[in-house]
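Below are two complexes that have subunit A in common, paired first with subunit B and then with subunit C.
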Partner chain A sequence: MASWLRRAGATKPEPWTVTSEREEQAVANGLSRVPWRRFREPGIRGHQAAAGWLFIAPVIVILGLFLVIPILMALWVSVSDWNGNGSPLGANAHWVGLENYRHLLTTPGLDQSNFGTSLRNNFYYVLLVVPIQTAVALFLAVLVNRRVKFVGFFRTSFYFPSVTSSVAITILFLFLFSPTGAINKMLSYFGATGPAWLYDPRGLFHVILAQFGVSQPPSGLASGMFLGVSYWDWLAGPSIAMCVFIVMAVFTTSGTFMLLFLAALQNIDESINEASELDGATEWRKFRHITAPMIRPMIFTVVTLGIIGTWQIFDQIYVGTKGSPLNTTLTPAFLSFNASFNSNEWGVGAALAFILFAIIVFFTVLTRLLTRNPDRVPRRRRFGPTGGGGKRTLRSRLVTTVIGAFR
Partner chain B sequence: MNAHRNIRIARWRIALPVIAVCALAVAVGAAVGAPARSNAVTITALIGSSGPAETFAVNNAAAAWSKQTGNKVNVIVASDLGQQLAQGFASGNPPDIFYLGNDQVATYAKTGVLAPLDKLKNVNSFYPTLRTAYTYNGHLYAAPKDFSTLALVVNTASWKGAKLTGKDYPTTWAQLASVAKKLTRNGQVGLCTNPEFHRLGVFMIQAGGWITSKDGKKATVNSAANLKAFNFVKSMIKAGSMKLTNQIGAGWGGEGFGKKQCAMTIEGNWIAGAMKADYPTVGYKVVQLPAGPAGKGTLQYDGGWGLAAASKNKTEAMALITYLTQTKVEMGNAKAFGVMPSVKADAKEWKKLYPQWSAFLDGASYSRSIPTIPDVAKVLGDFNTQLQGLPNGDAKSILDRVNQELQAILG
Partner chain C sequence: MSDSTATAVRKQSRALTSDVRAVRRRRVGTAVTYGFLCALAIVYIFPFLIAIATSFKTEPNATAYPLGLVPDPVTSSAYHELFKDQDFFLWVKNSAIVTLSVTFLRVFLDSLAGYALARLRFRGRAAAFTTIVAVMAVPGVVLLIPKFLIIRQIGIYDTYYGMTIPLLVDAAGVFIMKNFFESIPVSVEESARIDGASLFRIYWSIVLPMARPALITIFILSFQGSWNELGHFIISTQSTSLNTLTKGVAQLASGQLGVGNRFPLKLAASVLMTIPVAVLFFIFQRQIMNTSAGAVKE
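Presenting the complex of A and B:
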């Protein structure tokens, strides 16, 4: 029996009441454990190790060729002065140490201020997109988890933006948010004049502050600089143009994450909800004290996937604005591409990519720390063999629940 | 006997396909081998095309050269020229020849991916300013194929509507400001153009300024003359008679002009194609830009053919470049998509062909190209970014910032 079910407080299922979902659960858990044990068994089944390696060899070759080797080469480029002429492993590239990283982080100049600006832009993008998309996805999942008419239709339509090409959606949004486009036309029916959207570089926080009469930076904020960007500009918030991309990200990704939440919600045993209803719990209390704790691992998954995805935003920017207006939609991923392919600064571009990688890892670990279940016993203090580690349980649960979601 | 015949039939059944396959192989071999000469090579040409007309014209010219020489040309239309070139250089297997803008030539030449073209046969037929625009460290790194200059494009209906005549085309800044004011009516702004150095830079030249000193060693972006130029632009924006395209939501000057958001714009000769294709009902006239305090001035954009240092067929590739930049081909291109030939001898014929656009060619005598400095495109990119904030920003601080950046790459 899977440990997560015990943790969640479910009763032990009787053998004759095993549902198809639980069956799959058992299979998934079993599969992840059984071959591992056999693997170490000596004797008659010893040769299975070789067969195992043989079976996973294609994947190892593919991953090595297309993932590990390119990453190692990029790492080398980031500490070299390769200028794009010939192979980076050839005579044209020389070791320069951390020069490229220093160029971005500590040397004042155009590259540094572009990097600082891109970090600022992307930070506000993540800050707004991740909570909103998680909340919207959870809300949609709760809605379509009910037994209502046409639920299949709603599930499909909410998921639809996620399967559409991001380039197509970006172009659609370019038209919608054109200064004379549908959105502004609609606003005009209500007597409002919409901004120029993708051409408007004003920061959201600056716009709000201007409403209160603060349109010039206080003396302390204008002069101080960090990464080539003044403190006042760090506090600008996402530009109006960036807000369009924020809306777009929420629109396109909420469907995907709704699916994950739906999977988690369908895994909650109905009897728990019934029990709480008998105890007189309201809808909100049920959500707060039963649903939310039980889908906590899924919330972590969604937030983590959201953080990774949003820090890597590239194609929307490449197709949509290429960083304009006033660099307020410039992102590190796009800047890395631009530095490499257009400015021929391959080392700087690669260094930027690795800094971005570090940022993503940092925020992922931070999320993990923040969403960790405080009641859980640390792994090293568990009794007995620690076969079903948290990660594996989570993954196997993911697989089975996603499959079950559309049943 | 019967059995024997069966076996014979069976043998035939095997033999027939074998013979058929052999025959086919011979035929294919003959077909493939026949027209190819032993020393024929294939030249790859990567182009960034402005549209089907240009693609068609380049393909035709390449096919004609193929017929003449027996060598093959593989024309590839890039969707992102810079990126595809970079991939080619990195792989060590770049296209043999490719389009090369003059703002990129120094960046590439510095890394050693370009082969010098000093020994091109027709090197002396080009405009000297065009040769300068492609010269880095004393070597010519691209063969100019065509060029464009910026001029003032005027909506004729708006011009008449504002009771302006053929005598009123502005020749000074004061006149430009005055006609722009008169043209600002009926929801139309007088003048609009991109918030870019690549457009507004014309005012810098007209004011006597430039981004570098004469010897090209010192950045002079924040000079008094340049400040005067941008203050003039700002004064027109403040008066409401001029708007930058980001203020009216147009992608570029041609779009704002075509959609009748503005009555005048500063654009190059590529606007002719856009007007014909997208806004055929808008009548317009092209006149020379007005002179500033220091006289006339405009910016020039150059297209050229570059040759890869890693090309294995440099001799043939150079022959192809010579062919593609000769009078006949360039005039064919001019007819097909309206570019101005890089060969000086063609000027008269071009003017006869396009009298309505002669203002563009007149600009050639006083125009300037972007200086060949490695990474200059990056600095000018930031200049453009900063100019987006010109209406609400301070011209001096923008110029100071760009000056510092330019000085940094000049060393």
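Presenting the complex of A and C:
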């Protein structure tokens, strides 16, 4: 993701920049770039340098002070035994090396099994949310891209959940999925008895297996452990409680991604659709062989953004369950917060944050590698089927919109 | 000759039948589209209607008829209680202070930096831009602990400064503004330059008014982002007098509220906190939803 952003930021020469004679001379002499300081002239250029730095100074200072420096501080805390008293830069913190990381990754204990559990929970959350939200968003986009009446109304209703706060939506879902809530009421009309949802720690896969009579772990899976969680529990799937958060994620993010897909769909030349219609292509074939390949880059973008966003689930857990029942909605982000702010294990919390960062980077890079297809899509056009400067700007604006939404 | 005529006729009739088929198929397709659209619209809207209805219900009524859209009896006691017992007005005040200062300053600072990165030539510009983009890639949740550390270190923990300043700049906004400025022509600025206007003057009275669509985009994103922000307020404050709506309502949701599940009360709070962003959303709906024209002048 970052590299295309950088590409988009490649600087163009400003048309109104006055090229001085010296500059021309430098180019003629084979220098690719004019050494600035030596040839700098007073006036416009020098003025611009000062103004340029002045204009970006607030942004740089704030980003440096509240992003770069704190990350370095947290890096130090993650290799220290600071317990929250005084300043982490003072006498209360001592170097402990990779002890905190070992505590999470290799030392058996509560911290390790909590970490393993949170990884499992979040992994299944990502595994289910990302494909479902991408598919739903694409489906919505295809629907609202047609020439139908009230299309504005439909777009608005699908997008609305995306603008509401996670706190409000979580409360709403706590109500909808409460044991006596709307969802179970609806199920009862069909003669079904719903589970206790947010109070139900059973893993989805375990529940399904139990339907086939497998309720005890096979001997091979019961004993083996990884990160303090037994193999059998690794295979539990998302708990019923976590499924509520999965539905909620799809509900709240599909609208945003729908807008991204809609922008991509509207970039497709209408004549291509018409041509395929004349050839008698069915809706599905048209989608499969024309639409899908053309918006392929946007699908990858949405998947990448989805992965980045879903590994960060925090607000919903904080408001909704705080990790209960039986830690099955615990996520690394919430665990990191909890370890630091509630248990005063600041080193462990900070180490966890960096591990989470590594996980997000790993999956982002992995997605990019898996979806790279230089044969079919020329590199320069990867993010746009029809290219075009303005369109590309618009798309990156939308992508940034979504990035903004996750932060 | 007759052979070719026959072929032509056959071709034409085949084209006709396929036309008829296409029309029929399209009509069925439209019906199916409307079917899906309506069903999905209900799925997406119904939960919000339930939230509004439930906030006017009594608790027994809400528990017994969670699907009902008509409260029976209708009561506004949830709202009364919210305003009377809870510090709801305080939360609204805090949210408003933080959101408004963050939004306006962010629009200003982002556009200022975006303009410099797009238009002004200065040493280190590329490096500055790369830094900003790299920063954008750091996931927000990872920053909760680091931000707490620095806020405490420089002594602005549990103050409005600590709540506001770290949110003042967002790299994504700078990026949007830079892209926008690169997409508009420079000719107007040029003539102002020739007239001898200062750079800030050009930025303030010529560039900013032209950048209105992009500014609105930043405005919406910042307002929505800071109004809905929760994590940062959790880590930057501890006193209840600095609770924002998100933090206060979150505590309400998980808190000790005495007997019962108190869903009407919680949902009333949710409904009220959604109103400002909903209003903003409906005001700028066209701006947000119109993806083909959008904010970018082409």
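By definition in this document, the second predicted complex is superposed on the first by the 317 of 407 C-alpha atoms of A that agree within 3 Å, B and C clash if a C-alpha of one lies under 4 Å from a C-alpha of the other, contacts with A are read in each partner's own complex, and residues count from 1 in each chain.
The working rule: contacts are C-beta pairs under 8 Å (C-beta built on N, C-alpha and C of every residue); 3 or more make two chains touch, one makes a residue touch a chain.
Keep in mind it's a predicted model, so treat the numbers as computed, not measured.
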For A:Leu172 in the superposed arrangement: first (subunit B), second (subunit C), both or neither? second
In the overlaid three-chain picture, which partner chain does A:Phe341 touch, first (subunit B) or second (subunit C), both, or neither? both
With both complexes superposed on chain A, which partner does A:Phe362 reach: first (subunit B), second (subunit C), both or neither? neither
Given the touch rule stated above, what does A:Pro88 touch, subunit B (first), subunit C (second), both, or neither? both
I'd like to know which partner A:Ala353 touches here: subunit B for first, subunit C for second, both or neither. second
Considering only touches as defined above, state whether A:Phe226 meets subunit B (first), subunit C (second), both or neither. neither
A:Phe287 contacts which: subunit B (first), subunit C (second), both, neither? neither
Which of the two partners, first being subunit B and second being subunit C, lies in contact with A:Ile60: first, second, both, or neither? second
In the superposed arrangement, does subunit B or subunit C reach more residues of subunit A? C
Once the structures are superposed on A, label A:Thr180 by its partner contacts, choosing first (subunit B), second (subunit C), both or neither. both
Subunit B and subunit C contact sites that coincide on subunit A, given as residue numbers: 87-88, 178, 180, 340-341
List the residues on subunit C that touch subunit A in their complex, please. 18, 21-22, 25, 29-30, 33-34, 36-37, 40-41, 44-45, 47-48, 50-51, 54, 62-63, 65-67, 109-110, 112-113, 115-117, 119-126, 128-150, 152-154, 165-166, 168-176, 178-180, 182-183, 186, 189-190, 193, 199-200, 203, 214, 217, 221, 224-225, 227-228, 230-231, 234-235, 245-246, 249-250, 253-254, 261, 263, 266-267, 269-271, 273-274, 277-278, 280-281, 285, 288-289, 291-292, 294-298
Which positions of subunit B touch subunit A when the two form their complex? 80, 82-83, 86, 89-92, 107-108, 110-113, 246-249, 310, 375, 377-379, 382, 385-386, 388-389, 405, 408
Would you tell me which residues of subunit A are touching subunit B in their complex? 83-88, 92, 109-110, 114, 178-180, 196, 199, 201, 323-327, 340-344
So in the complex, which bits of subunit A are touching subunit C? 1-2, 5-6, 8-9, 11-12, 14-17, 36-37, 45, 47-53, 55-56, 58-60, 62-63, 65-71, 73-74, 77, 87-89, 140, 143-144, 146, 148, 152-161, 163-176, 178, 180-182, 185-186, 251, 255, 259, 262-263, 266, 277, 280, 282-283, 308, 311-312, 314-315, 318-320, 322, 333, 336-337, 340-341, 346, 349-350, 353-354, 356-357, 360, 389-391, 393-394, 396-398, 400-401, 403-407
